[in-house]
Amino acid sequence: MGNILLDVRNLRTEFATQDGVVHAVNGVTFHLEEGETLGLVGESGSGKSVSMLTVMRLIPMPPGRIASGEVLFQGQDLLKLGDEEMRQIRGNKIAMVFQDPMTSLNPVLTIGTQITEALELHLGMNKDKARKRAAELLKMVNIPEAERRLDDYPHQFSGGMRQRVMIAMGLSCSPQLLIADEPTTALDVTIQAQITDIVKRLKNELGMSIIWITHDLGVIAGLADRINVMYSGYIVETAPVKELFANPLHPYTVGLLGSIPRLDEGRREKLTPIEGLPPDLVNLPTGCPFYDRCKFRTEKCLQENPPLMSVGVKHWSACWHYEAVREQRDAILGRKFMQPAAA
Amino acid sequence: MSTETQTTPPAPATGSAQANASTDANGAILSIRNLKKYFPITQGIIFQKKVADVKAVDGISFDVKPGETLGLVGESGCGKSTTGRTILQLYRPTEGSVLFEGKDLATLKGEELRKMRSNMQMIFQDPYASLNPRMTVGDIIAEPLEVHNIAKGKEKKERVQELLQVVGLNPYFINRYPHEFSGGQRQRIGIARALAVNPDFIVCDEPISALDVSIQAQIVNLLEELQERFGLTYLFIAHDLSVVRHISDRIAVMYLGKIVELTDGHTLYANPLHPYTRALLSAVPIPDPLIEEKRERIILVGDVPSPVNPPKGCRFHTRCPLAIPICKEVAPEWRDVGNGHFVECHVV
Amino acid sequence: MNPRPAWKETWRRFARNKPALLGLLIIALLLFTALFAPLLAPYDFSKTNLDNVEKPPSAEHLLGTDALGRDMLSRIIYGARSVVFVIIVVATISLTFGLLLGAMAGYFGGLSDTLISRLIDFLFAFPDLLFIFFIAATIKPGIVTQLRTIALANQWPWLTEFVRSGYADYLVVIISLSLLGWAGLARLVRGQILALREKEFVLSAQLVGVSNWRIITRYLLPNSLAPILVAISMGLGGIALSEGILAYLGIGLQPPNPSWGIILSDHVVRYWRTWPEMIWMIFIPFIIMAAVVFAFNFVGDGLNEALNPELQ
């Protein structure tokens, strides 16, 4: 760790639609170190997928448009690359795994063909070598009888197996960065546990960086080193994982923690939901995007959109009143937050 | 048909769950015995003949007590929805009985069944599919009132507005169509419709799975409030054990058409007996990195077998870390190991 | 978002689609023309004038005259009646059978589904034209004679007139056409209903105790209306075309009654050799027929968008 692998600055992505311009990503700045796992959490429509698709240059244009920003990957701005150069990076240095393992595989080709294709294309392997490597990859993600299963078609695999195949394909060219967009959301918890287990092991073995998109704070707690919390196209809080859970300093993060029941908490009296709905991305407020639903809001929040402010070691929050959040969150959630461990 | 003439007056709702429902000898509002639901798989072009069965629910028994919430968890395809729908007679049982307030629903038909329906309702998973897109919100909520002759004219309208308020929606929405609402709001509309007939018992089939995290808690709280206010009994179906633990008094764990363990929430968490329950509990992530760091996971190998040909003996033996030879041969029995803690396993 | 009646909202979305509006205008024009043909036609459509044949469009004869000196515009205007007649008869019959049988098969399933589905499959396998030839050659003369006898026996002048006009022959052929035509619609309706039947909002209706009839009429049919209307609208274009084809084959409306199909077939045979002279003789009926067929398709398209708010 230490070297910066990916440095994203002031990224803005918008979509032109019938109802107006959808501001999906609104000036997102973050970085990722080598060997680091970054979690990206937020509710539906908060811009998690779009921000990562922008990094990968996979936004459909039109209607999409990258309005501004830089995506420095190993010092090179991906947004300035030609299409061919970008294709070389995708699949070779950066791989992406999507939520739906059903639609990401071509139903008419065998699994083997689909994996070896990438190997032959990007790494110039010959057929035999590629096939051997493909079998190794399937073994790596715990697919039994890997050799034989290469000749099977996607529909002969279960959902969880397909997702593991997708991960194997993502890893086939030993990428430096794996972007996983809710890869376990469609799967059962026991299968999810299988997959997160494999990913954790492989990350250590291969030393790659991971960006893991999810709306499940539970999954990310056990996986990530650091977390970005997104809300309506902004990163509203970012912190190392333990710090974030022990010392949340944005009302939205506090709200999320209050909304989810925990297995180890038993039958609790009440959850503390976030009332209301997220803002319309076509008419974003000029002030804080969380204003409508916020318990800490003041006139200032309505006037001025808070930037990410440093609130601790590697900890930033985009809330004018993070001090008030620190003082009142225990009372609001009826739960004791620990003070952050000395970093 | 029955000799009982129980006309249950809409008793005032009490805070404690001693609800407005009548019960049977066990003190249960609902008693399920050896319930089975098979879906035939047919083949043939002109004459369809049955070649096999999907054994979606394959012999389950449990009681639901008035005013309680019974949670039903299990992985996708294990038969949770089928259980809920068979109880409500949306699917007719292949075998077994569903005693509701003392009557066996499986034997009811036509008008009698239709009448019983006002005592049992369902809240569905998909808020986008569970409301008729061509009806206004007002009509959606008023329909049960019309069908069961509960209210007419002005009274009906007032009742609809009241119901909207009860579920936390603006009564002004009455003329709008479902597509004008968010997922959470639609779920509230569905709840209002279910409440319109004053049911005693509601099957909640994954009512929050399709919603955003921040909205899920709103609906969970609403369901809890309504339970207190109207003395409702819930069968709460979900695949998310954390939510089920939060909302349920007792929890049933289902695997491949069978219930493998049933006990109160605390015991299930503190002292799970069935190896599947243990694996399931260990797989549920806890949103706390300090705990996650130390947790030991039981990673199950392989996938859930097909319900068309479930494994012989114990259905879990193909993935069970504790399986012994007998598990492959003989199906374990559903037994009470004390204090209403039921389990179906040879090893415990 | 103001609460707005559903139909207004639908109309607003429909009106956004310009080709659909144009299509609607053409269809309205067609209906109007058919209804008021006697008032609109400047001349008697069958009056020949051998001194004034094959004249190009002029102020006197806006679309010129044909080989017998008959006014083309008048013939085209009366031809609209034939098209509209076919459309109304076929649409009514196939709609009734298609909706009813399709909905029954889809909702009740079981034996009724098996029987209806087999019948649909059978009708699909049967070549339409063969069937029509068969009817025209065998049953039709019998029925027409029968009608004539009934008319005489009862002293019904309107029926006598109907039989004499040649529309009776036509009716028999068309009815047989629609007896085949409902199959496609029924299959569509059945599929729609089958897909909807398992939808949660239909289950919810069953739970609330809504009757079968009401479930079919308030839940299933309205929600399958969009694709059905679209299919019907697109289908009407095809029916308008088959009117022409029947006439062309000589088993449709009989001359001297004007039908666009008859006009076109006459003229194609007569004038293609002299290309490009007198080409309007082919193009005018052709363009009008094409305009009607496209109009129905455009409207179908517009309906598709307007009735599916989810599609935007």
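Labels for the chains are A, B and C, by order of writing; each one numbers its residues from 1.
Everything that follows uses one rule, which is that a residue touches a chain if its C-beta (ideal position, glycine included) is under 8 Å from a C-beta of that chain, and two chains touch if they have at least 3 such contacts.
Predicted model only: the values in this text are computed from it and were never measured.
Relative to the C-alpha centre of chain A, the farthest chain centre belongs to C. Chain centres defined as mean CA positions place B nearest to the mean of all protein CA atoms. The leading chain pair by number of C-beta pairs in contact is A-B. Separation between the centroids of chain A and chain B, computed from CA atoms only, is 33 Å.
Averaging C-alpha coordinates per chain places the centre of chain B 50 Å away from that of chain C.
Note on chain placement: the centre of chain A and the centre of chain C lie 55 Å apart, centres being C-alpha means. The multi-chain contact residues of chain C, meaning those touching 2 or more other chains, do not exist; every residue touches at most one other chain. Partner chain B is touched in their complex by these residues of chain C: 1, 3, 6, 114, 118, 199-201, 203-211, 218-219, 222-223, 309-310. Taken together, the chain A residues at the contact with chain B in this complex read 43-44, 144, 158, 160-161, 188-194, 196-197, 215-219, 221-222, 241-242, 245-246, 255-268, 270-275, 277. Interface residues of chain B facing chain C in the complex, by the touch rule stated above, are 46, 48, 85, 88, 90, 114-115, 117-118, 120-122, 124-126, 129-135, 143-144, 147-148, 175-177, 179-180, 190, 193, 196-197. Put simply, chain B touches chain A in their complex at residues 75-76, 182, 184, 212-218, 220-221, 224, 239-243, 245-249, 265-266, 269, 279-293, 295, 297, 299-300, 302-304.
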